[in-house]
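One structure, as C-alpha coordinates, below. Some questions next.
Note that the chains are named A, B, C and D in the order they appear, and that numbering of residues resets to 1 at the start of each chain.
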Amino acid sequence: MESYRHKVQYYETDKMGVTHHSNYIRWMEEGRIDFLDRLGWNYARMEEMGVISPVTEVECKYKHSTDFSEEVYISVYVEEFNGVRMKLGYSMKNAVGTVVAVGRSEHCFIGRDGKLINMNKRYPEFCGALAAQANRLSPESI
Amino acid sequence: MESYRHKVQYYETDKMGVTHHSNYIRWMEEGRIDFLDRLGWNYARMEEMGVISPVTEVECKYKHSTDFSEEVYISVYVEEFNGVRMKLGYSMKNAVGTVVAVGRSEHCFIGRDGKLINMNKRYPEFCGALAAQANRLSPESI
Amino acid sequence: MESYRHKVQYYETDKMGVTHHSNYIRWMEEGRIDFLDRLGWNYARMEEMGVISPVTEVECKYKHSTDFSEEVYISVYVEEFNGVRMKLGYSMKNAVGTVVAVGRSEHCFIGRDGKLINMNKRYPEFCGALAAQANRLSPESI
Amino acid sequence: MESYRHKVQYYETDKMGVTHHSNYIRWMEEGRIDFLDRLGWNYARMEEMGVISPVTEVECKYKHSTDFSEEVYISVYVEEFNGVRMKLGYSMKNAVGTVVAVGRSEHCFIGRDGKLINMNKRYPEFCGALAAQANRLSPESI
(Lines give C-alpha, C1' and ligand atoms only; values in the text may rest on other atoms or scores of the structure.)
Protein backbone atom coordinates (compact mmCIF):
# COMPACT_ATOMS: atom_id res chain seq x y z
CA MET A 1 0.00 0.00 0.00
CA GLU A 2 1.15 3.49 -0.82
CA SER A 3 2.56 5.57 2.02
CA TYR A 4 0.84 8.74 3.24
CA ARG A 5 2.62 12.03 2.62
CA HIS A 6 2.69 14.84 5.18
CA LYS A 7 4.44 18.12 4.49
CA VAL A 8 5.87 19.67 7.67
CA GLN A 9 4.13 22.95 8.45
CA TYR A 10 5.76 26.01 9.97
CA TYR A 11 3.38 25.84 12.94
CA GLU A 12 4.63 22.30 13.62
CA THR A 13 8.19 23.47 14.32
CA ASP A 14 9.44 24.64 17.70
CA LYS A 15 12.27 26.83 18.90
CA MET A 16 14.76 23.97 18.53
CA GLY A 17 14.29 24.74 14.82
CA VAL A 18 12.80 21.34 14.00
CA THR A 19 9.41 19.60 14.17
CA HIS A 20 8.00 19.40 17.70
CA HIS A 21 7.85 15.75 18.77
CA SER A 22 4.11 15.82 19.58
CA ASN A 23 3.26 16.29 15.91
CA TYR A 24 4.47 12.81 14.95
CA ILE A 25 1.65 11.45 17.13
CA ARG A 26 -0.76 13.53 15.03
CA TRP A 27 0.85 12.36 11.79
CA MET A 28 0.33 8.77 12.91
CA GLU A 29 -3.37 9.62 13.14
CA GLU A 30 -3.28 11.14 9.66
CA GLY A 31 -1.56 8.06 8.27
CA ARG A 32 -3.92 5.69 10.11
CA ILE A 33 -7.04 7.44 8.81
CA ASP A 34 -5.63 7.38 5.29
CA PHE A 35 -4.72 3.68 5.69
CA LEU A 36 -8.24 2.76 6.85
CA ASP A 37 -9.71 4.84 4.03
CA ARG A 38 -7.66 2.95 1.43
CA LEU A 39 -8.93 -0.31 2.97
CA GLY A 40 -12.46 0.93 2.33
CA TRP A 41 -13.09 1.96 5.94
CA ASN A 42 -13.46 5.69 5.90
CA TYR A 43 -13.26 6.79 9.53
CA ALA A 44 -15.85 9.56 9.15
CA ARG A 45 -18.25 6.92 7.84
CA MET A 46 -17.34 4.53 10.66
CA GLU A 47 -18.30 7.23 13.17
CA GLU A 48 -21.61 7.72 11.31
CA MET A 49 -22.14 3.96 11.62
CA GLY A 50 -21.68 4.40 15.37
CA VAL A 51 -18.17 3.04 15.78
CA ILE A 52 -15.39 5.08 17.35
CA SER A 53 -11.86 3.82 17.76
CA PRO A 54 -10.04 5.59 20.59
CA VAL A 55 -6.29 5.35 21.03
CA THR A 56 -5.51 3.29 24.13
CA GLU A 57 -1.74 3.46 23.78
CA VAL A 58 0.78 5.29 21.67
CA GLU A 59 4.53 5.11 21.31
CA CYS A 60 7.06 6.88 19.11
CA LYS A 61 10.82 6.62 18.73
CA TYR A 62 12.51 9.60 17.15
CA LYS A 63 15.44 8.70 14.92
CA HIS A 64 16.14 11.82 12.91
CA SER A 65 14.75 15.34 13.10
CA THR A 66 12.58 16.83 10.36
CA ASP A 67 12.31 20.45 9.38
CA PHE A 68 9.75 22.87 8.03
CA SER A 69 8.63 22.11 4.44
CA GLU A 70 10.12 18.60 4.42
CA GLU A 71 7.96 15.78 3.18
CA VAL A 72 7.46 12.83 5.49
CA TYR A 73 6.17 9.50 4.17
CA ILE A 74 4.19 7.40 6.62
CA SER A 75 3.62 3.68 6.15
CA VAL A 76 1.14 1.88 8.36
CA TYR A 77 1.29 -1.81 9.30
CA VAL A 78 -1.13 -4.09 11.08
CA GLU A 79 0.86 -5.57 13.96
CA GLU A 80 -1.98 -7.35 15.75
CA PHE A 81 -5.73 -7.53 15.43
CA ASN A 82 -8.14 -9.78 17.26
CA GLY A 83 -11.41 -7.99 16.59
CA VAL A 84 -11.32 -6.17 19.90
CA ARG A 85 -7.86 -4.67 19.97
CA MET A 86 -5.89 -3.33 17.01
CA LYS A 87 -2.16 -2.64 17.09
CA LEU A 88 -0.71 -0.64 14.24
CA GLY A 89 2.93 0.08 13.46
CA TYR A 90 4.20 3.20 11.69
CA SER A 91 7.35 3.86 9.74
CA MET A 92 8.03 7.50 8.87
CA LYS A 93 10.67 8.35 6.29
CA ASN A 94 11.94 11.58 4.80
CA ALA A 95 12.25 12.25 1.06
CA VAL A 96 15.62 10.47 0.78
CA GLY A 97 14.31 7.37 2.56
CA THR A 98 15.87 7.90 5.98
CA VAL A 99 13.68 6.62 8.79
CA VAL A 100 12.86 9.70 10.89
CA ALA A 101 10.56 7.97 13.37
CA VAL A 102 8.88 4.67 14.11
CA GLY A 103 5.67 4.42 16.04
CA ARG A 104 2.99 2.13 17.36
CA SER A 105 -0.59 2.70 18.41
CA GLU A 106 -3.19 0.52 20.04
CA HIS A 107 -6.92 0.94 19.65
CA CYS A 108 -10.21 -0.50 20.76
CA PHE A 109 -13.63 -0.07 19.16
CA ILE A 110 -16.58 1.45 20.98
CA GLY A 111 -20.24 1.65 19.99
CA ARG A 112 -22.94 4.26 20.59
CA ASP A 113 -23.72 2.62 23.93
CA GLY A 114 -20.16 3.26 25.09
CA LYS A 115 -19.40 -0.46 25.16
CA LEU A 116 -16.53 -2.31 23.52
CA ILE A 117 -17.35 -3.76 20.11
CA ASN A 118 -16.00 -7.07 18.84
CA MET A 119 -15.40 -6.13 15.22
CA ASN A 120 -15.10 -9.82 14.23
CA LYS A 121 -18.74 -10.31 15.08
CA ARG A 122 -20.17 -6.94 14.15
CA TYR A 123 -18.12 -6.15 11.04
CA PRO A 124 -16.41 -9.31 9.76
CA GLU A 125 -15.63 -7.55 6.48
CA PHE A 126 -13.54 -4.97 8.42
CA CYS A 127 -11.57 -7.83 9.90
CA GLY A 128 -11.10 -9.37 6.49
CA ALA A 129 -9.75 -6.11 5.11
CA LEU A 130 -7.29 -5.76 8.00
CA ALA A 131 -6.28 -9.42 7.86
CA ALA A 132 -5.36 -9.02 4.19
CA GLN A 133 -2.86 -6.35 5.31
CA ALA A 134 -1.49 -8.25 8.27
CA ASN A 135 0.97 -10.26 6.19
CA ARG A 136 2.77 -7.13 5.08
CA LEU A 137 5.85 -7.01 7.26
CA SER A 138 7.20 -3.83 8.69
CA PRO A 139 10.90 -3.59 7.76
CA GLU A 140 11.65 -1.65 10.93
CA SER A 141 10.70 -2.97 14.30
CA ILE A 142 10.06 -0.47 17.03
CA MET B 1 -11.63 41.69 37.11
CA GLU B 2 -8.36 39.83 37.48
CA SER B 3 -6.48 38.97 34.31
CA TYR B 4 -5.92 35.37 33.22
CA ARG B 5 -2.36 34.08 33.29
CA HIS B 6 -0.97 31.81 30.57
CA LYS B 7 2.59 30.49 30.70
CA VAL B 8 4.06 30.04 27.21
CA GLN B 9 4.74 26.38 26.54
CA TYR B 10 7.65 25.00 24.54
CA TYR B 11 5.25 23.38 22.07
CA GLU B 12 3.77 26.84 21.40
CA THR B 13 7.01 28.21 20.00
CA ASP B 14 8.09 27.90 16.37
CA LYS B 15 11.40 27.99 14.55
CA MET B 16 11.46 31.81 14.64
CA GLY B 17 12.27 31.16 18.32
CA VAL B 18 9.11 32.83 19.61
CA THR B 19 5.45 31.95 20.19
CA HIS B 20 3.63 30.95 17.00
CA HIS B 21 0.96 33.56 16.23
CA SER B 22 -1.90 31.02 16.10
CA ASN B 23 -1.56 30.37 19.83
CA TYR B 24 -2.74 33.84 20.80
CA ILE B 25 -6.11 32.93 19.26
CA ARG B 26 -6.16 29.92 21.62
CA TRP B 27 -5.13 32.06 24.59
CA MET B 28 -8.04 34.38 23.81
CA GLU B 29 -10.27 31.31 24.21
CA GLU B 30 -8.59 30.45 27.52
CA GLY B 31 -9.06 34.02 28.76
CA ARG B 32 -12.67 34.14 27.55
CA ILE B 33 -13.61 30.90 29.28
CA ASP B 34 -11.96 32.09 32.48
CA PHE B 35 -13.76 35.46 32.18
CA LEU B 36 -17.16 33.79 31.74
CA ASP B 37 -16.38 31.46 34.63
CA ARG B 38 -15.61 34.39 36.96
CA LEU B 39 -18.95 35.92 35.89
CA GLY B 40 -20.65 32.76 37.07
CA TRP B 41 -21.12 31.32 33.58
CA ASN B 42 -18.95 28.25 33.41
CA TYR B 43 -18.76 27.30 29.73
CA ALA B 44 -18.82 23.56 30.39
CA ARG B 45 -22.07 24.09 32.29
CA MET B 46 -23.46 26.30 29.52
CA GLU B 47 -22.87 23.44 27.07
CA GLU B 48 -24.66 21.07 29.44
CA MET B 49 -27.55 23.55 29.49
CA GLY B 50 -27.62 23.26 25.70
CA VAL B 51 -25.97 26.55 24.76
CA ILE B 52 -22.87 26.69 22.58
CA SER B 53 -21.15 29.92 21.63
CA PRO B 54 -19.18 29.56 18.40
CA VAL B 55 -16.64 32.14 17.30
CA THR B 56 -17.94 34.00 14.25
CA GLU B 57 -15.00 36.33 13.89
CA VAL B 58 -11.57 36.71 15.38
CA GLU B 59 -8.83 39.30 15.07
CA CYS B 60 -5.41 39.74 16.63
CA LYS B 61 -2.73 42.41 16.34
CA TYR B 62 0.73 41.34 17.39
CA LYS B 63 2.72 44.10 19.11
CA HIS B 64 5.63 42.30 20.74
CA SER B 65 6.85 38.71 20.55
CA THR B 66 6.69 36.36 23.53
CA ASP B 67 9.02 33.50 24.29
CA PHE B 68 8.94 30.09 25.94
CA SER B 69 8.29 30.19 29.71
CA GLU B 70 7.12 33.82 29.69
CA GLU B 71 3.92 34.66 31.51
CA VAL B 72 1.22 36.42 29.53
CA TYR B 73 -1.67 38.20 31.29
CA ILE B 74 -4.93 38.34 29.38
CA SER B 75 -7.68 40.84 30.20
CA VAL B 76 -11.08 40.45 28.60
CA TYR B 77 -13.52 43.28 27.92
CA VAL B 78 -17.12 43.31 26.75
CA GLU B 79 -17.14 45.52 23.65
CA GLU B 80 -20.70 44.92 22.53
CA PHE B 81 -23.53 42.64 23.54
CA ASN B 82 -27.11 42.67 22.34
CA GLY B 83 -28.24 39.23 23.48
CA VAL B 84 -27.60 37.70 20.09
CA ARG B 85 -24.09 38.80 19.29
CA MET B 86 -21.22 39.26 21.76
CA LYS B 87 -18.02 41.15 20.95
CA LEU B 88 -15.14 40.76 23.35
CA GLY B 89 -11.83 42.60 23.40
CA TYR B 90 -8.56 41.20 24.70
CA SER B 91 -5.45 42.86 25.98
CA MET B 92 -2.43 40.60 26.47
CA LYS B 93 0.55 41.83 28.46
CA ASN B 94 3.85 40.33 29.48
CA ALA B 95 5.20 40.27 33.03
CA VAL B 96 6.58 43.82 32.81
CA GLY B 97 3.28 45.20 31.53
CA THR B 98 4.16 45.58 27.85
CA VAL B 99 1.19 44.92 25.59
CA VAL B 100 2.19 41.93 23.46
CA ALA B 101 -1.07 41.59 21.55
CA VAL B 102 -4.60 42.95 21.37
CA GLY B 103 -7.48 40.91 20.07
CA ARG B 104 -11.18 40.83 19.42
CA SER B 105 -13.65 38.01 18.99
CA GLU B 106 -17.29 37.88 18.01
CA HIS B 107 -19.70 35.16 19.06
CA CYS B 108 -23.26 34.05 18.67
CA PHE B 109 -25.24 31.61 20.83
CA ILE B 110 -26.77 28.43 19.47
CA GLY B 111 -29.17 25.98 21.08
CA ARG B 112 -29.59 22.22 20.82
CA ASP B 113 -31.84 22.72 17.79
CA GLY B 114 -28.99 24.45 15.96
CA LYS B 115 -30.85 27.77 15.99
CA LEU B 116 -29.62 31.15 17.23
CA ILE B 117 -30.55 31.95 20.81
CA ASN B 118 -31.45 35.42 22.02
CA MET B 119 -29.76 35.34 25.41
CA ASN B 120 -31.73 38.39 26.58
CA LYS B 121 -34.90 36.33 26.43
CA ARG B 122 -33.60 32.90 27.36
CA TYR B 123 -31.01 33.84 30.01
CA PRO B 124 -31.57 37.46 31.17
CA GLU B 125 -29.26 36.84 34.13
CA PHE B 126 -26.39 36.11 31.67
CA CYS B 127 -27.05 39.47 30.06
CA GLY B 128 -27.08 41.16 33.42
CA ALA B 129 -23.72 39.67 34.32
CA LEU B 130 -22.21 40.80 31.00
CA ALA B 131 -23.80 44.25 31.20
CA ALA B 132 -22.19 44.77 34.59
CA GLN B 133 -18.83 44.29 32.87
CA ALA B 134 -19.56 46.42 29.83
CA ASN B 135 -18.67 49.67 31.55
CA ARG B 136 -15.11 48.53 32.08
CA LEU B 137 -13.16 50.30 29.35
CA SER B 138 -10.35 48.65 27.52
CA PRO B 139 -7.30 50.91 27.73
CA GLU B 140 -6.07 49.71 24.35
CA SER B 141 -8.25 49.88 21.30
CA ILE B 142 -7.60 47.34 18.61
CA MET C 1 -3.38 30.63 -9.39
CA GLU C 2 -4.53 27.25 -8.14
CA SER C 3 -6.00 27.11 -4.66
CA TYR C 4 -4.32 25.17 -1.85
CA ARG C 5 -6.09 22.09 -0.54
CA HIS C 6 -6.22 21.19 3.15
CA LYS C 7 -7.98 18.08 4.40
CA VAL C 8 -9.47 18.58 7.88
CA GLN C 9 -7.76 16.31 10.39
CA TYR C 10 -9.43 14.61 13.34
CA TYR C 11 -7.10 16.42 15.74
CA GLU C 12 -8.34 19.73 14.31
CA THR C 13 -11.91 19.15 15.47
CA ASP C 14 -13.22 20.06 18.90
CA LYS C 15 -16.10 18.89 21.06
CA MET C 16 -18.57 21.04 19.12
CA GLY C 17 -18.03 18.34 16.49
CA VAL C 18 -16.50 20.71 13.93
CA THR C 19 -13.12 22.25 13.16
CA HIS C 20 -11.78 24.40 15.99
CA HIS C 21 -11.62 28.02 14.83
CA SER C 22 -7.90 28.44 15.61
CA ASN C 23 -6.99 26.01 12.84
CA TYR C 24 -8.15 28.34 10.07
CA ILE C 25 -5.37 30.70 11.16
CA ARG C 26 -2.94 27.82 10.64
CA TRP C 27 -4.48 26.96 7.27
CA MET C 28 -3.96 30.57 6.20
CA GLU C 29 -0.27 30.01 6.92
CA GLU C 30 -0.31 26.79 4.88
CA GLY C 31 -2.01 28.58 1.98
CA ARG C 32 0.35 31.57 2.21
CA ILE C 33 3.47 29.41 2.17
CA ASP C 34 2.12 27.48 -0.80
CA PHE C 35 1.23 30.76 -2.55
CA LEU C 36 4.74 32.18 -2.06
CA ASP C 37 6.24 28.89 -3.20
CA ARG C 38 4.24 28.98 -6.44
CA LEU C 39 5.50 32.55 -6.97
CA GLY C 40 9.05 31.21 -6.76
CA TRP C 41 9.60 32.36 -3.18
CA ASN C 42 9.95 29.26 -1.10
CA TYR C 43 9.69 30.40 2.52
CA ALA C 44 12.27 27.89 3.79
CA ARG C 45 14.71 29.36 1.26
CA MET C 46 13.77 32.92 2.25
CA GLU C 47 14.69 32.07 5.85
CA GLU C 48 18.01 30.65 4.66
CA MET C 49 18.58 33.95 2.81
CA GLY C 50 18.05 35.68 6.15
CA VAL C 51 14.52 37.01 5.67
CA ILE C 52 11.71 36.20 8.07
CA SER C 53 8.18 37.46 7.63
CA PRO C 54 6.29 37.56 10.94
CA VAL C 55 2.53 37.98 11.10
CA THR C 56 1.72 41.42 12.52
CA GLU C 57 -2.04 41.07 12.26
CA VAL C 58 -4.53 38.36 11.50
CA GLU C 59 -8.30 38.27 11.04
CA CYS C 60 -10.79 35.57 10.17
CA LYS C 61 -14.54 35.56 9.64
CA TYR C 62 -16.22 32.19 9.96
CA LYS C 63 -19.12 31.68 7.56
CA HIS C 64 -19.80 27.96 7.65
CA SER C 65 -18.43 25.15 9.80
CA THR C 66 -16.21 22.41 8.40
CA ASP C 67 -15.94 18.87 9.62
CA PHE C 68 -13.36 16.10 9.89
CA SER C 69 -12.21 14.73 6.52
CA GLU C 70 -13.66 17.62 4.51
CA GLU C 71 -11.46 19.27 1.93
CA VAL C 72 -11.00 23.02 2.20
CA TYR C 73 -9.65 25.04 -0.74
CA ILE C 74 -7.70 28.16 0.15
CA SER C 75 -7.11 30.99 -2.32
CA VAL C 76 -4.66 33.74 -1.46
CA TYR C 77 -4.83 37.31 -2.75
CA VAL C 78 -2.40 40.21 -2.49
CA GLU C 79 -4.42 43.04 -0.97
CA GLU C 80 -1.61 45.52 -0.44
CA PHE C 81 2.14 45.50 -0.73
CA ASN C 82 4.53 48.41 -0.45
CA GLY C 83 7.81 46.57 0.05
CA VAL C 84 7.65 46.91 3.82
CA ARG C 85 4.19 45.69 4.66
CA MET C 86 2.25 42.91 2.90
CA LYS C 87 -1.48 42.38 3.31
CA LEU C 88 -2.90 39.11 2.04
CA GLY C 89 -6.53 38.05 1.74
CA TYR C 90 -7.79 34.48 1.99
CA SER C 91 -10.91 32.83 0.71
CA MET C 92 -11.59 29.32 2.01
CA LYS C 93 -14.19 27.15 0.30
CA ASN C 94 -15.46 23.64 0.85
CA ALA C 95 -15.74 20.99 -1.87
CA VAL C 96 -19.06 22.30 -3.16
CA GLY C 97 -17.79 25.86 -3.41
CA THR C 98 -19.40 27.33 -0.29
CA VAL C 99 -17.23 29.97 1.35
CA VAL C 100 -16.46 28.61 4.82
CA ALA C 101 -14.20 31.45 5.95
CA VAL C 102 -12.51 34.59 4.75
CA GLY C 103 -9.33 35.91 6.27
CA ARG C 104 -6.67 38.55 6.12
CA SER C 105 -3.10 38.69 7.38
CA GLU C 106 -0.53 41.43 7.54
CA HIS C 107 3.22 40.87 7.51
CA CYS C 108 6.49 42.69 7.68
CA PHE C 109 9.95 41.47 6.66
CA ILE C 110 12.86 41.25 9.06
CA GLY C 111 16.54 40.54 8.41
CA ARG C 112 19.20 38.73 10.41
CA ASP C 113 19.95 41.95 12.29
CA GLY C 114 16.36 42.05 13.56
CA LYS C 115 15.63 45.18 11.52
CA LEU C 116 12.78 45.77 9.06
CA ILE C 117 13.68 45.08 5.44
CA ASN C 118 12.36 47.09 2.52
CA MET C 119 11.83 44.29 0.03
CA ASN C 120 11.56 46.76 -2.87
CA LYS C 121 15.19 47.68 -2.35
CA ARG C 122 16.62 44.37 -1.20
CA TYR C 123 14.62 41.94 -3.39
CA PRO C 124 12.94 43.85 -6.24
CA GLU C 125 12.19 40.55 -7.99
CA PHE C 126 10.06 39.49 -4.98
CA CYS C 127 8.07 42.68 -5.38
CA GLY C 128 7.67 42.06 -9.11
CA ALA C 129 6.32 38.58 -8.45
CA LEU C 130 3.81 39.89 -5.88
CA ALA C 131 2.81 42.86 -8.07
CA ALA C 132 1.96 40.45 -10.88
CA GLN C 133 -0.56 38.86 -8.53
CA ALA C 134 -1.99 42.08 -7.15
CA ASN C 135 -4.41 42.55 -10.03
CA ARG C 136 -6.20 39.33 -9.20
CA LEU C 137 -9.29 40.41 -7.40
CA SER C 138 -10.71 38.58 -4.45
CA PRO C 139 -14.38 37.84 -5.11
CA GLU C 140 -15.18 38.01 -1.44
CA SER C 141 -14.26 41.02 0.62
CA ILE C 142 -13.67 40.48 4.28
CA MET D 1 7.42 16.92 44.87
CA GLU D 2 4.15 18.65 44.09
CA SER D 3 2.34 17.56 40.94
CA TYR D 4 1.82 19.93 38.01
CA ARG D 5 -1.73 21.03 37.28
CA HIS D 6 -3.07 21.38 33.73
CA LYS D 7 -6.62 22.50 33.04
CA VAL D 8 -8.03 20.93 29.87
CA GLN D 9 -8.69 23.58 27.25
CA TYR D 10 -11.57 23.59 24.79
CA TYR D 11 -9.12 23.56 21.87
CA GLU D 12 -7.62 20.35 23.29
CA THR D 13 -10.87 18.41 22.83
CA ASP D 14 -11.87 16.62 19.64
CA LYS D 15 -15.15 15.49 18.13
CA MET D 16 -15.23 12.40 20.34
CA GLY D 17 -16.09 14.97 23.02
CA VAL D 18 -12.97 14.34 25.07
CA THR D 19 -9.32 15.42 25.12
CA HIS D 20 -7.45 14.46 21.94
CA HIS D 21 -4.78 11.89 22.81
CA SER D 22 -1.91 13.93 21.34
CA ASN D 23 -2.30 16.56 24.04
CA TYR D 24 -1.16 14.22 26.81
CA ILE D 25 2.24 14.15 25.09
CA ARG D 26 2.27 17.96 25.36
CA TRP D 27 1.18 17.84 29.00
CA MET D 28 4.10 15.50 29.70
CA GLU D 29 6.34 18.27 28.36
CA GLU D 30 4.60 20.83 30.58
CA GLY D 31 5.03 18.57 33.60
CA ARG D 32 8.67 17.81 32.75
CA ILE D 33 9.59 21.47 32.36
CA ASP D 34 7.88 22.26 35.66
CA PHE D 35 9.66 19.32 37.30
CA LEU D 36 13.09 20.46 36.09
CA ASP D 37 12.29 24.03 37.15
CA ARG D 38 11.45 22.89 40.70
CA LEU D 39 14.79 21.03 40.74
CA GLY D 40 16.49 24.33 39.98
CA TRP D 41 17.02 23.56 36.28
CA ASN D 42 14.88 26.01 34.40
CA TYR D 43 14.77 24.73 30.83
CA ALA D 44 14.82 28.23 29.27
CA ARG D 45 18.04 28.85 31.19
CA MET D 46 19.45 25.47 30.15
CA GLU D 47 18.93 26.46 26.52
CA GLU D 48 20.70 29.77 27.18
CA MET D 49 23.59 27.75 28.67
CA GLY D 50 23.69 25.88 25.36
CA VAL D 51 22.06 22.61 26.40
CA ILE D 52 18.99 21.25 24.62
CA SER D 53 17.28 18.04 25.60
CA PRO D 54 15.34 16.51 22.68
CA VAL D 55 12.81 13.75 23.20
CA THR D 56 14.17 10.53 21.73
CA GLU D 57 11.22 8.38 22.69
CA VAL D 58 7.75 8.87 24.08
CA GLU D 59 5.01 6.53 25.22
CA CYS D 60 1.57 7.02 26.72
CA LYS D 61 -1.13 4.63 27.91
CA TYR D 62 -4.61 6.08 28.14
CA LYS D 63 -6.64 4.77 31.06
CA HIS D 64 -9.57 7.14 31.35
CA SER D 65 -10.76 10.01 29.17
CA THR D 66 -10.64 13.62 30.33
CA ASP D 67 -12.95 16.41 29.31
CA PHE D 68 -12.90 20.15 28.77
CA SER D 69 -12.29 22.17 31.96
CA GLU D 70 -11.14 19.18 34.00
CA GLU D 71 -7.98 19.51 36.02
CA VAL D 72 -5.25 16.97 35.41
CA TYR D 73 -2.42 16.50 37.91
CA ILE D 74 0.88 15.33 36.48
CA SER D 75 3.59 13.74 38.60
CA VAL D 76 7.02 13.18 37.12
CA TYR D 77 9.46 10.46 38.16
CA VAL D 78 13.08 9.79 37.29
CA GLU D 79 13.13 6.23 35.98
CA GLU D 80 16.72 6.13 34.76
CA PHE D 81 19.55 8.60 34.37
CA ASN D 82 23.14 7.91 33.46
CA GLY D 83 24.28 11.39 32.49
CA VAL D 84 23.71 10.76 28.79
CA ARG D 85 20.20 9.40 28.69
CA MET D 86 17.29 10.38 30.95
CA LYS D 87 14.10 8.34 31.28
CA LEU D 88 11.18 9.99 33.00
CA GLY D 89 7.86 8.47 34.03
CA TYR D 90 4.57 10.35 34.26
CA SER D 91 1.43 9.68 36.21
CA MET D 92 -1.58 11.79 35.28
CA LYS D 93 -4.60 11.89 37.57
CA ASN D 94 -7.90 13.71 37.51
CA ALA D 95 -9.32 15.73 40.41
CA VAL D 96 -10.72 12.66 42.18
CA GLY D 97 -7.40 10.80 41.95
CA THR D 98 -8.24 8.42 39.10
CA VAL D 99 -5.22 7.71 36.91
CA VAL D 100 -6.16 9.00 33.46
CA ALA D 101 -2.86 8.23 31.76
CA VAL D 102 0.65 7.01 32.42
CA GLY D 103 3.57 7.98 30.25
CA ARG D 104 7.27 7.71 29.73
CA SER D 105 9.78 9.82 27.84
CA GLU D 106 13.43 9.41 27.01
CA HIS D 107 15.84 12.25 26.40
CA CYS D 108 19.41 12.97 25.51
CA PHE D 109 21.35 16.21 25.96
CA ILE D 110 22.93 18.09 23.09
CA GLY D 111 25.30 21.06 23.10
CA ARG D 112 25.73 24.02 20.77
CA ASP D 113 28.05 21.92 18.58
CA GLY D 114 25.23 19.43 17.99
CA LYS D 115 27.09 16.72 19.91
CA LEU D 116 25.80 14.60 22.79
CA ILE D 117 26.69 15.94 26.21
CA ASN D 118 27.54 13.76 29.19
CA MET D 119 25.78 15.71 31.92
CA ASN D 120 27.72 13.84 34.63
CA LYS D 121 30.91 15.47 33.39
CA ARG D 122 29.61 18.84 32.26
CA TYR D 123 26.98 19.53 34.93
CA PRO D 124 27.49 17.18 37.90
CA GLU D 125 25.13 19.36 39.97
CA PHE D 126 22.31 18.56 37.49
CA CYS D 127 22.97 14.88 38.04
CA GLY D 128 22.94 15.35 41.78
CA ALA D 129 19.57 17.08 41.62
CA LEU D 130 18.11 14.27 39.49
CA ALA D 131 19.68 11.54 41.61
CA ALA D 132 18.00 13.01 44.70
CA GLN D 133 14.67 12.42 42.94
CA ALA D 134 15.48 8.96 41.63
CA ASN D 135 14.53 7.22 44.84
CA ARG D 136 10.96 8.45 44.62
CA LEU D 137 9.04 5.48 43.33
CA SER D 138 6.28 5.77 40.82
CA PRO D 139 3.20 4.02 42.21
CA GLU D 140 2.02 3.09 38.72
CA SER D 141 4.25 1.22 36.35
CA ILE D 142 3.68 1.81 32.67
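Quick notes on this one:
Just so we're on the same page, a residue touches a chain if its C-beta (ideal position, glycine included) is under 8 Å from a C-beta of that chain, and two chains touch if they have at least 3 such contacts.
None of the values given here were measured: they were computed from a predicted structure.
For chain C, the chain with the farthest CA centroid is D.
One simple way to say how far apart two chains are is to compare their mean CA positions; for chain C and chain D this gives 35 Å.
Chain A and chain C have centres, each the mean of its CA atoms, that are 29 Å apart. With centres taken as mean Cα positions, chain C sits 24 Å from chain B. Counting partner chains per residue, chain C shows two or more touched chains at residues 10-11, 15-16, 22, 26, 29, 67-68. Shown here, the protein chains touch in all possible pairs. Chain contact summary for the complex, chain A toward chain C: residues 9-11, 26, 29-30, 33, 42-44, 67-69. Taken together, the chain B residues at the contact with chain A in this complex read 10-11, 13-15, 17-18, 20, 22, 67-68.
Chain B meets chain C in the complex at residues 15-16, 21-22, 25-26, 29, 47, 52, 54-62, 65.
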